[in-house]
Structure formats: structure tokens, C-alpha cells
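So that we are looking at the same thing, I have put the structure below in C-alpha cells.
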Amino acid sequence: MAPRRRSIFLRTRRAPGLVLAGAALILGMNAARAAPPIVVGTTISETGPLAADALFQLRGEQLAIAKANAAGGWLGRRIVLKYYDDKSSPGTAVRLYQRLITEDKADLLLGPYSSLVTVAIAPLINKYKMATLEPGASVPTIYVPGNKWNIQTVASSTTYLHQLLPLARKDGAKTVALLGLQSAFTLACDQARTAQAKSLGLKIVYSTTYALPQPDFSSIALAIKNARPDVVLACTYYPDAVGITRALHEQGYAPRYLGETVGPVEPAFIAALGPLANRILSNTSWWPNFKTPGNRTFIADYRKKFAGMPDYHAAAGYSAVEVLGAAVKATHSLDQGTLRKWLLEHTVQTVQGPYKVDANGRAVGATQDMVQIQNGVLKLVSPPALAQAKVLVPYTGS
Amino acid sequence: MSVRAGLMGQTRMARIWSRLGGASDMAVAAAALAALLLVPLTATAYGLQLATDILAAVALAYGWNLISGFTGYLSFGQVSFYGLGAYATALLVSRTLVPWYGAVLLGGLLGAAVALLLGPIMLRLRGILFALGMLGLARILGVIFNNWNFAGASLGLSLPAALTPLAVYGGMALVAAAAFACNAFFVHSGFGLDAMSLNEDEAAAVAFGVPATRVKVIAFALSAIFPALVGGLVAWNRSYIDPTSAFKPSLDLETVVFVLFGGIGTLWGPLLGAAVLMMIGEELLVYLPNFELALFGGVVILTVLVLPGGLVGLANRFGWLRRPPVLAPAALPEGAPPAPRAMPAGDVPVLEVRDLTVRFGGLLALSNVSLTLRRGEIVSIIGANGAGKTTLFNAITGFIMPSAGRIFYLGRNVTRLPTFRRARLGMARSFQIPRLMRSLTVWENVVLASRHGGQAHRAVAHTAWVLRITGLAALWREPASRLSPGHQRQLELARVLALHPALVLLDEVMAGMTQEEREGVRSVIRHLPEFGVAAVACVEHVIAAVADLSDRMVVLDFGHEIAAGPPHSVLRDPAVVRAYLGEPL
Amino acid sequence: MLALQLVINGILLGGLYVLLAQSLNLIFGVMGVVNLAHGSFIVVAGLFTYWFTIRSGVSPLVVLPMAFVAMGAVGAMVQRFLIEPLMRFGNRAELLSLMVTFGLSYVLVDLALQLWGSDFVSVPYLQSSWTIAGLAFNQALVIAGIFAAAISAALYAWLNFTLSGKALLAASQSPVGAICCGIDVGRVRLVAFALGVGLAAAAGVLVIIVTPLAPETADDFTLLAFVIIALGGLGNYLGVAAAALVLGLVQSAAGYFLGGNAEYVFPYVLLLGVMVVQPQRFRRAAA
């Protein structure tokens, strides 16, 4: 064909093709916009005693979903997070998850905050066979063969402060006092640390459990003072961590090592205790200086959107969505069975570290690391590769 | 069919209709039944779960209503039974071969057993202290279960999954229906009337034969079964139980709000309150998550201040959902006078008081007082204020225990016998200030006593007869609170007669009456022997009114008996004059 | 030495308990109003103290008179609009006041949740102890104890030795009789309730120095306060003070010898025990 004719041909013959292609593109775009969003359902404790930490988890999830949407969504579809307030009540959560599954027809589910609420909805999850990532449940007993649709993304509470006793032992410590709050995750931690102490050959000179509210820890502190342990390891939440620290100070005893779970990582802890908080050891599953993929972006985005630093609950929520997204993209499917199989078999690198679970859905990749308050600031002290500072001893309470 | 038989048939239908309540009750019942049956056919899984939760709330509300609404013992301890039932079911289902419905039932029985054990102790206390005790119990149970490894301690227990949501719904519906039936029993039975009278005025109820402790404990045990059953079903539904959710404090609080809002102490209140608030709460949960607590609290405050009777109270103003009088026929029957009471053979005195002494701490209220009443006697006891007259009556009837001395009634030593037993044996008293059951109708006030007295086997007929002879027949359906003072006195007297007593103790029954009214009372006193009364004792200040009526007069002064004998000589006794008027100047 | 320290700890804890209970004693023990919102008044005052001291940097003890006056005013309004209307119901007033204050407690807790969140917070003030002769005296508890003693003594004196205090006792024992004596019963009740709530607020200011508070803990304080006055005798100031001290002592010992759980559960076990053995103690005292 002659060039001129080709150009005419180009102009005339291709024109309908172009129009058709354009129409197809427009129709296709409409179809994409018209394609229903992927609904991710969850409940979160917006009110009730668990609210303070639960909100961080929610924000992490929201942030991750916003980021995924900005990148085009999953399977070409937008993602919508549909969530309800379960009021920190297991019973309410059960009803709401029922609603999410049968009325709202959620495509995917994320777990709620706290082991307490997660355990309550576990049977429902299993009944409807929804592969559900649980960012808020650290109690390992949930993840058993009977509950195979629940998949853990945070480290088990049995790993909280697991570095402390070996470290103290190496330093020459011989005796330890163990305290535990009467609550599922702290007790699991307490039991694990007790077993660890025994296996390390440390002598347990005092141990007790207690329930909240406990306005006065002086009797316990006095008993500890009497026993003179080298290490005091308390599996606590926040108010009891404050109470025990103060009581030890008031009764006039400072163990060489003082470790408390969860409480010291709350921002209010340092404000509440001032100099008493210095050199207390605690645990965290995530830290801003982690060199995990996307961590810097996560922190920057979080601060821009929510004003203030994220904490490990936010990181947990964010990571869960990351893992979920990886599974959906890898399998090109929203089928629960397919997703579950993939989730059990693969590793995903998230902002809080590697995600990997065993055949029961129990986390084996996630770890709990150790932090210490030094001069009024929390510093990561373990693992050595990421540590910002060395562990300072002894604890002096000043 | 004769006219009479036709009328009888109609009366029976009318009786059944009035027993079951009116048209409004039927309407509510029909609506509830319809909802109950429609839900499993039409609802989604979420709707079914919500309905199950509503039924649970209804059952809990009805259980609470039994002890706190009808019987008036405000309890914050339902959660203790809930948790016990939950754990019993969980342990049985997970560790034994007992099927789920057996486990739930056994859990319910455990709740009742614990209530029967604790009841006699805890129910000695009234008001907030009983509530406190139950709350403390719940805390203690929480700690026990948190530490009990066999029951999973803090980590809780898992159960094998429930069969189907429909099975749970059915179970919960049965429990709610049973709880409703129990409430209906209270509203329509003599036992329920006893409970309601305890709520109103326990001392007066006991004086007319109500066995207070027994009624309270049974009501308490009944009220414990339902939360235990609900707890068991919930545990089975969730396949998991742990101490925090088993003994959660909010359970009692929600239950209280539901019943209060619906109408405390009524038949339909718990159902209406629980259903309405649960559904509103569910909607609020979705749209207004943050303010739910404040709104709940606001509902309570507004209900108490503006609508203390709750929804049912509001309905009552329109004439709906009114409680029919207990054991009342459609129309007041003629009634018949009772057969005379069987008396022991021989000349045993009706009442014999020997050397009665009553001390209140350091105060000697009665000192070595002796008194004998023979058959057919009317004795009046007079004395200045503070002489110990009412104390004497209180000791005779068992309201207070004497420090020394003995009391014999119809030859039997009753010194330590509880008041209600004395009333059942035929010892009746009236109170100085009428202690009527103001929230009950005239009919109910009287039938309460009839049921426990000598004519208990024909209580309805006897009550009708008593109302006719005391001139209260026209007012039989009126609430006692609406009676004039004169009618109130008549009702007091009617209650006394309803017990078919052998001994009547009248405490200042003529106080504040007009001459006419006094004549009426004097006439009744004279006729008492016709009604089977063997002896009458009157404490009186209006001496003139009883002087010619009495066979004997006894004068008390500062706890001592200073004179006794025929009225005309006693009234002239210088010691008596001195006691009343003092020494001449 | 150890025993002595245990005793001191116990007495100091008892001092805190006295503080919690005496304000309720005025409202319930004397007026017969079942104030289930007691704990929420304490917690709101405590949380407000935290918020204020964090912002302004002043000592919590400065906040105390402010909280007393402010909450007293709130208490006056509550009494005027929520409680007083119930007095016409006679002997049902106790049950109804229970319900109304129960609803009020929810409203206050929700308010606290909205304003200050659900987290536990505490004030870093007076965190050490004074050491005298080798024995440790928790500073916060000592200050709280001193206040508690002062408040108990003042209440006792006011009720028994002043005309206005006796007017309150009269109004509680027989409203009709008091009116006949020319006592403005409504005003007396207003003052008493306002005073009770103000004192509860003072307790809250001191409590947050001792232990962290969160809105959810309100009910636990209410319950504890009721337990203490039930043990000490309703309306009996010296009795409640004594009961609170004994409770503190025994609870401390239980905590030392039997562990944390025993300490927590102890007040309830004691309450049930006394209920079983001596139910006649639970009657409203004359004064």
C-alpha cells in the first residue's frame, strides 16, 4: 500500500478501531469503578476498657488500606474497611462478626483487639471458614487444630521478656521474683517465664498473682523486699506496672533487674513515674528504628495522618493488612480456603518483621524484643543487631 | 341446660378471662408469640443471633423480677448464678458425656441449690446490703474461677461447638418461656401474693400468717435458676467460657435497666423492657457508638423521675396491662359464715401469760406481767402512755422475744414460736396505725390472711363473707391506698377476721374515731364470739368505750401490772387514778 | 520490724479507705440515699486533677479545694433535680435513689471516657516514702490519711455538736418531725448531699496520687466504699473509721502472707462473713 493510502487507511480504517478501543477503555474503566469494592470486616474496641490500645490497631489497619488503595487496590478493586465498635465486650463482638459475615457479606475479615475478644469470635470464624488474621491476640491457646481458621500475626505472649532471664543469669543473677496479673495473656506470659526460670536454674524466691483493681501493692512489695531477689519480672498491664514500681520504691527495695511487660511502653508510664521509671525493661513487637521494609514510610504516613507516633499495636494492624494483601495478590483470589493455605505456607516481610506461622496458625516469625527506659526515653536493647543502646544495670529507681 | 348451669358456665369463662388478664395482655402475648415463631423462619443468621440474645436478656430480666420486683429484695448477684451455670455446663459438656441440654439443666439446678443454701443467710438483710452481699459473692467467684486450674483458670474452657444456632435459639426460647411462666405464677397465685406482701410490709405480712423466710428463699431460688440456665446456653453457644465473661459486672446492670424501663414487679415489664432496649441498643451501637453508656444512664434517670412504673406503668394509665387481683372471682360471691373453730377439750384458757419480762437493753419495758384469758372473755388493757401495752401485744404475738416468762396459747407453749405460726394457729392482731398493703386491693389484703388462717381450705368464700360483714363488699376491687381512714380501719378488722382467729388482740382500734364509728366497732367486738372468736383483748385509751364491754380490765404502769379486775372497781382504784392523774397537789 | 512495717502499711491503706468511705457515709449512712455514683464522682475528680496538673504543673493539693467546691456544686444540682423529687415516695425512696444514681454513674463514666479516654492515668507526685527509724511511710498515703482523719473528725463534730449537723440528723430520722421544729429539710438535704459529693471529689484528688485511675474503675470504688460502711455501721463515723483501718490492716497482712488474690478478695469475704455471723450490725445507726 502507498504511504498516502496507508495514512488514509490509518485514518479511516483504524478510526473505528480507535473508537472501539476508546469505548472499550472507557467501558473497562467504568467496569473497574463499578466493580464492587473488597469489603474487609472487623470490630474494634472503640469504647470500653480496651479502647486506648485498640484505636492504635485500627489506625494501623486504616493506614495500610489507604496505602493499598493508593496503589490501585487488590485485584484491581478498591478496599473498604467496614468496622463496628464491639465496646470491649466479647458478646457484642460475636454478634457483630455474625453481622459482618451474613449481612454485610464481608469478603475478608480481620481479627479484633485483645485475646479476650478474639477467643470469643474464634468459633464463629471456624464455623464460617473465614481465614482471619488476628493482629490483637497473643494468647497461644487460640491457635490449635480446632481453630484452624484463626491465624496469628503478633508474637505470643509467652515470648514477652524472654531475653531478660538469660541475660540476668549470664550477669550472675541467682534469684527471681515473678508476678502475674490475672488475665489470659499476662498469665500465659507468667507461666512461660516461670518455666524458663526453672530451666535456667534460677531460684524463684517469691511469686504471686493478683487481680485488678489493686490500689495497694505494698504487701507484695514488702514480701519481695523480704525475699531479696536479683530479678523482679512482672507480667503486667499498665496500672499494675505503675503500682508495683511505686510500691517497690516506697518499701525501699530495688532489684538489680526490674522487668515489666506492656505497661512501660505506654507513653503515660514515663510521665506517671518520672525518675522511678529509669532502667525498667519491657517488651515490644515493633520499634521505629526497625529496618523492616516500608517502616519509614509507615511512620511518616502515620504521623502525617494521625499526628503522633505509632506504637506496636498500630504496627500490628498495619502488618496484618500487609500480609492479607500479599495473600490476595499472590493467589488472585478471595476464596478463603485458598487464602488460608497460602497464609500457612508463606513468609511475608512486614513493618514489624517477618510473618510466618506454623501449621496451626501460631506465629513463629514474629518476635518480641526488649526495650529499656534510659533517662526518660525508651531505647531498644535487644536484639543486638538493632539495639540502640546497651542494657544498663542495676535498676536504682532514680 | 338450665339457666343456672348456663350462668355458671359463663361465670367460669369470665373467671378464666379475668384470671388471664384483659385484651391488652392477650395482644402483647400474641405479638410475642408471633415474633418468636417468625424469627427462625425468616431471619438471617445475624438476626437469629440477635433474637437469641434478646431472649437471653428477657429470661434474665424475668429471673431478676422474681426476687427484686415481686419480692422486693434488690439483687445485684444474678451474674453469680449466670457464671455458675455457664461453668457447670462447660465442665459437663467438655469433660463428660452429658448431652448439652442435660448440662444446661444441671447448671440451672446448681444455681437453685446455691441460692437455697445462701438464701436463709443473705435474705436476713434488706436493701442495699443484700445487693452488696450478692455483688461481693460475684467478685469472690470470679477470683475462685480465675485460679481454679480444673476449670481452665484465667484462660478459660473451650467446649465442642453447638449443634446449630436454631438449637440454641430454641433452648433460649424455652428458658425465656419458663421464666415468663414463673412470673405469671407469681402474679396469679397465693404464693406470689405472699411475696408481694413481703415487699410491701414484711412485719404486717408475717402477722397475718405469711411464712416470710420460706417465701423469700423459694423466690430467691427460682430467681437463680434462670440466669444459670441462660449462662449455660450462652457458654454452649459461644463454645468458650472464661471468668471475665462469665462473671461480668455489666450483666446485672443491664438486667436492672431493662426491668426498670419495662416496669418493675409486673408481668409484662421485663419482656417489654428487654426487647425494646436491646433492639434500640443494637441500632445505637451501629450509629452512635460513643454515647451508648450515657444514653443508657439517661434512660434510667428519666424513667425513675418521670415514669417510675416503666412502660407497663404508662400502659396502666390507659387501662392496659393491668394486673388482675390475685385469686379473685369475676364477681363477689355471697360467701358463708365459717364453721366454728375446733377448740381443745376442757377449760384450757385461750391465753395465759406468766411472769412476762421484756428488756430493751437497760430499759425494763415489762416486768413480771401475768394475764389469763378464758373462753368468752373480753379483757381491756389500759394504762398511761409508755406503760408497755403495745409491748405486751408484741410479745404475745411474737414480734419481740421476751427476756423471761412464758406464753401459752390454747394450752400450747408459744413463747418461742415465730409470729406467722401463731397467726396460723388463730392469734390475730390489729395494728395501732393500720399497716395495710397499700399497693394491693382490698380483696387481696383480706385473702392474704384468709389463705393462712383457719379457713384456708375455703379462702375465697371466707374472704367474700368477711368483706360483706365488715361492709367492704362494694370496695373489694379498690386499691387499699385509696380508702378513707374509716374504711382503712374496717379493712384492718377484716384482715383480723379473715384469719378465723380464736384470739383477737385489738391495739387502740378506736383511736381517732367518731362516736358513730366507735359504735360500729363496739358492735363488731360484741359479735366476735359468733364468728368463732374465743377471747378478745383490747388495748385502749378511750376507756369509756370499752368499760361496759369488758369482763375484766388490767392496768399497766411502767411495765408493771398495778390493778386487775372488773372495770368499775379498777377504775376507782386509787393506784390507777394516781397512775393517770398523778398525786393530788 | 517486718511486722511493724506491715502494720504501718495496713494503717496507711486504711487511711485511704476511710477517705473513700466517709463521704458516702454522710450520704448513705445518714441520709439513706444509695449513691451508686459515688465511685464515679471520685474518678471524675481524680481524672480532672490529672488533666489539670499535667497542663498547669501545679501540685494536686492545690486542686483539692477547687475540686471540692466544683463537685459540691454539681452535687447540689444532682440533689436538687434528681434526688429531692424522689423523697415524696417515702419508703421507696431508697430503691429509687439507687436507680437514679446508678443511671447517673453511667452518664458520668461516659463523660469521663469522652473527656479523658479510657486509659489509666496517674499523677507523679509524692512518690517516695519518708523513712523514720528504718520504717517506710508512703508519703501519698500519709497525706491522704491525714486528710481522712481530719474529715472524719470534722464530720463527727459537725453532726454531733453543731446545730446544723443535728438538723441533718433530725431531718434524716424524721422529716416530718424536723419540719415541725422549723428545720428546712430540703435545704438541709441539699447541703448534706453537696458536702458528701465534695468530699468524694477530695478523695478522688488524693486517690489519683496514690494509684492510677481510669473511668472503668468507678464501680470498684463504689463497691469498696459500701463494703466499708456496711462493716463499720451506717452513719457511724467512728465505726467506719475503725472498720476502714481494720480492713486495711488485715488486707495488708492477707496480701503479704497469702498473695495478691487474697488481698483483692478479702473485703468481700469479710463482708459475707460478717453478714453470716452478725446480721444485726447492718442497721442504720442513730449517729
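As written, the chains take the letters A, B and C, and residue 1 is the first residue of each chain.
Everything below uses one rule, namely that a contact is a pair of C-beta atoms (placed from the backbone, for glycine too) under 8 Å apart; a residue touches a chain by one contact, two chains touch by 3 or more.
Because the structure is predicted, anything quoted here is derived from the model rather than measured.
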Between A-B and B-C, which chain pair is linked by the larger number of C-beta contacts? B-C
Taking all protein C-alpha atoms shown, work out their mean, then name the chain whose own C-alpha mean is nearest to it. C
Can you check how far apart chain A and chain C are, centre to centre, with Cα atoms defining each centre and the answer in Å? 40
Round to the nearest whole Å and give the separation of the Cα centres of chain A and chain B. 56
Taking each chain's centre as the mean position of its Cα atoms, how many Å separate chain B from chain C? 34
Among chain C residues, those touching two or more other chains are 113, 261, 264-265
Residues of chain A that touch two or more other chains: which are they? 47, 182, 209, 211
Two or more other chains are touched by the chain B residues 143, 146-147, 290, 292-293
Using the touch rule from the top, collect the residues of chain A that touch chain B in their complex. 46-47, 84-85, 87, 89-92, 94-96, 98-99, 101-103, 116, 119-120, 122-123, 126-127, 139, 141, 146, 182-184, 187-188, 209, 211
Please give the residue numbers of chain B that touch chain C in the complex, ascending. 74, 121-122, 124-125, 127-129, 131-133, 135-137, 139-140, 143, 146-147, 249, 253, 256-257, 260, 290-294, 296-301, 303-305, 308
Provide the residue numbers of chain C that touch chain A in the complex, in ascending order. 2, 5-6, 9, 12-13, 16, 54, 113, 117-124, 127-129, 131, 136, 138-139, 207, 210-212, 214, 216-217, 220, 251-256, 259-261, 263-265
Interface residues, chain C side, partner chain B - complex: 28, 34, 82, 85-86, 89, 94-96, 98-100, 102-111, 113-114, 219, 223, 226-227, 230, 261, 264-265, 267-269, 271-272, 275-276, 279, 282
In the complex, chain A touches chain C at residues 47-52, 179, 182, 208-211, 213-216, 218-220, 222-223, 226, 238-239, 242-243, 246, 249-252, 266, 268, 271-274, 276
